[in-house]
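What follows are several structures.
Two complexes come next, and they have one chain in common, subunit A, joined by subunit B in the first and subunit C in the second.
Take a look at the complex of A and B:
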């Protein structure tokens, strides 16, 4: 029987056909967030204090000189990337009145830690705010075996909240 | 507008009047002269505005180019972040200060593990993963002074079938237990790994073969693998010892392949429930030698809520064969329960109770561990723990003392 199962398993491998992990294109996420009427894209330069604080939050220098975002009223939407273990995780984050409205994993290419892309994990971030010390004001329960992916999402949420405060769409900048 | 408005004129005249007091000797400029100055300044402002706009455009263009370069580097074949080939690793240095029940001191410093990961992304759906490990500092032919091992614990190619399914072929870690697949030092408490996932589950346990894995939206994942099996000895001091049956994929005997399956549930944040089954038709790969059909059942749970984490694992072998039954090794099992509490984000304490029933006298004991982890960086850990082991039948094999370790991952 082992021989038969082995053969079936080997035959299964060439069925590989589609790329993993693009759950929603970033442009589709932005359209969805702004009900198909997205505002024009804006750019926030990560220089000076912003760069310093973004570096503190990420634990390394930002990979980009500036970050694109979309804003309307008190809401901003961000498409951010952070490496989990080896591959970048692309996350869409909406901040409304300095609170996280939504976190969605858009592209996940890591071979472990896939659980973070599901709603049962990301819904923990709803309504979270940034404290003075740039930490989230609520504990996020982790996922065993997905420590690095969980860590990446927490960092990106902190970064989105901080960057939101740096825009004109934050009416409650501390 | 030919002239500035009246208000502006008034302000200018007031300013000039004030200035005139200080410079009474100079005649006041006429309105025509002032208008000429204002026009000149206006022109300068416009020039500066144009210059600022041009500078902004240049900066934007520079930013675009830099971002394009970063994007193109990400498809390159160099090493590190952004490239298709990745390097990672972990390692741990241990200091053991223990005393046996027979009064023998064990005081050692050991570079227990030095590990490098190499991975390569062939395309979006096919990738290579490897783990190269040197244990106990290295090897020498005569075992002195280097008494370690050089091992390739992972070397497989993984294929994505679709968003939920992937398959791999090569040398990979078996999906059993808590530590076998995730064992980087900053991820667990205790300097040494727990004894259940050493004696009963022979972690790190790797095999050559093929596997298929599925991750589903409800938080359930499943793995199934067909792979090289164990080849446990049936004679000598390590007869019927599970850990001694690892073949390490070095011209491994493949007369009897093994199968491993796992179901895991992680559909609630902080919770992991998993169970594995491992089956091999002949665990010694020699028929009629006293050790035949073998099944390992394993189950574990992890519950993390805020700073608390609780873990429990049970694993049990059921092995047929007259010889192994006579050696009282037909049932080898063990369990542990662990509780930990993070006092700060960088400091946590733990306590663990382990009960192991292996085949050798030295592998039958109860062990109590207590200690702490300090993470000066999220990927660096310093560990201290106290160990108290009581052998089931031979008090000379009792053990107590402390361990200190430092570990890292990147």
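Take a look at the complex of A and C:
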């Protein structure tokens, strides 16, 4: 019995302790996305219709009136936050030609649902687009026990796609 | 020769048991009602949002020994007071979202309120709407020691002194001459009325309705005595169930013997 408990502790303690925290600093993510030559930061105000649609997507008012992004050619990178259950999940999202190029969980502080940081999950978002009704055009398989984190990532992906369309980078190279 | 069957004597006198059952029932009824009502509420905690409703009654807060916060640090800008009460941040009387460990100062620049907390700068409108959170100070996450103004520039103290503008897109080190000219934000004494308001607001966000109902249900609202009282009520309920069944059985037996006599 003692052996079994020890084995379980050995197996699970590293998983539990490594599950929460900062996986990558947002600035490091932006540097990586733009091969260490990030463009200057830009800002997008979430007011008027934008605020209304962002509220529809998130299911609540956006946390702030202004969001930052980085853009080059038809590509934009966003650092967005959404509460999973109680604490914020910080996600880096890259949109290229109105399709998601990459989703990466950067900071995860919740005690559950950290499985969403794995590539097997985030890969599902690749090439996804936003439909007219502001929904994703592809189904995302959930993870049992991580429903709220999955929901948060889906919302942020929709928001990033919508916000990308609000920038000059969605049309042509500025 | 006929044999007379001797009537078995009841173990307990039925009349006295009946009286005991009646008075016991009445005395236990109030506690039973309390248990039942609080039990129903507890079954629907989520739907009724009992865990999100807070008690602000002074007498209840005092009963639970919920004290005024130990730590309250405040900074005043031209038009506003920014206060950190324990881990809660307030813009005047308005609580701001989030939990914070330290407040390094606050300034106002072109109708934007800039608050330095922990490793971030919070930008608010005059109406208290969050414009943006700046978590990246010159590409890093650093603890902010102080915030100040130099003309239309914002200055923060980390390991060194960094200058930026309201765009927050680039940071530069302040020169020795700049440092001498900075108008730093210093802690101020809170106005008494504001302090009282914030203390009450802080205390009013600790005790949930769910906690009160749980303690009413278990009796803990009266301390250990309440727990024993609820134990006594539970034991009383068990005894009432037993005595009620016993009375019912005795009466059933009586009724049957009457019926048998009438039939003969």
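What we mean here is this: the second predicted complex is superposed on the first by the 151 of 174 C-alpha atoms of A that agree within 3 Å, B and C clash if a C-alpha of one lies under 4 Å from a C-alpha of the other, contacts with A are read in each partner's own complex, and residues count from 1 in each chain.
Methods note: contacts are C-beta pairs under 8 Å (C-beta built on N, C-alpha and C of every residue); 3 or more make two chains touch, one makes a residue touch a chain.
What you are looking at is a predicted structure, and each value in this text was computed from that prediction instead of being measured.
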| item | value |
| --- | --- |
| Which of subunit B and subunit C A:127 touches, first, second, both or neither | neither |
| Subunit B versus subunit C as contact partner of A:25, first or second or both or neither | second |
| First, second, both or neither for A:56, with subunit B first and subunit C second | neither |
| Contacts of A:65 with subunit B and subunit C, given as first, second, both or neither | both |
| Which superposed partner A:141 touches (first subunit B, second subunit C, both, neither) | first |
| Where subunit A meets both subunit C and subunit B, residue numbers | 43, 63-66 |
| Subunit A to subunit C touching residues, read off their complex | 25-27, 40-41, 43, 63-68 |
| Residue numbers on subunit C that touch subunit A, as the complex places them | 97, 123, 125, 129-133, 135-136, 139-141, 167, 169 |
| For the subunit A and subunit B complex, residues of the former touching the latter | 2-3, 5-6, 9-10, 12-13, 15-21, 23, 43, 59, 63-66, 83, 85-87, 109, 111-112, 114-115, 118, 120-121, 124, 139-147, 151 |
| Subunit B to subunit A touching residues, read off their complex | 63, 66-67, 70, 81-82, 86, 88, 119, 121, 124-127, 129, 158-163, 166-167, 169, 178, 181-182, 187, 209-212, 215, 217, 219, 221, 224, 226, 256-259, 266-270, 272, 281, 302, 304-307, 378 |
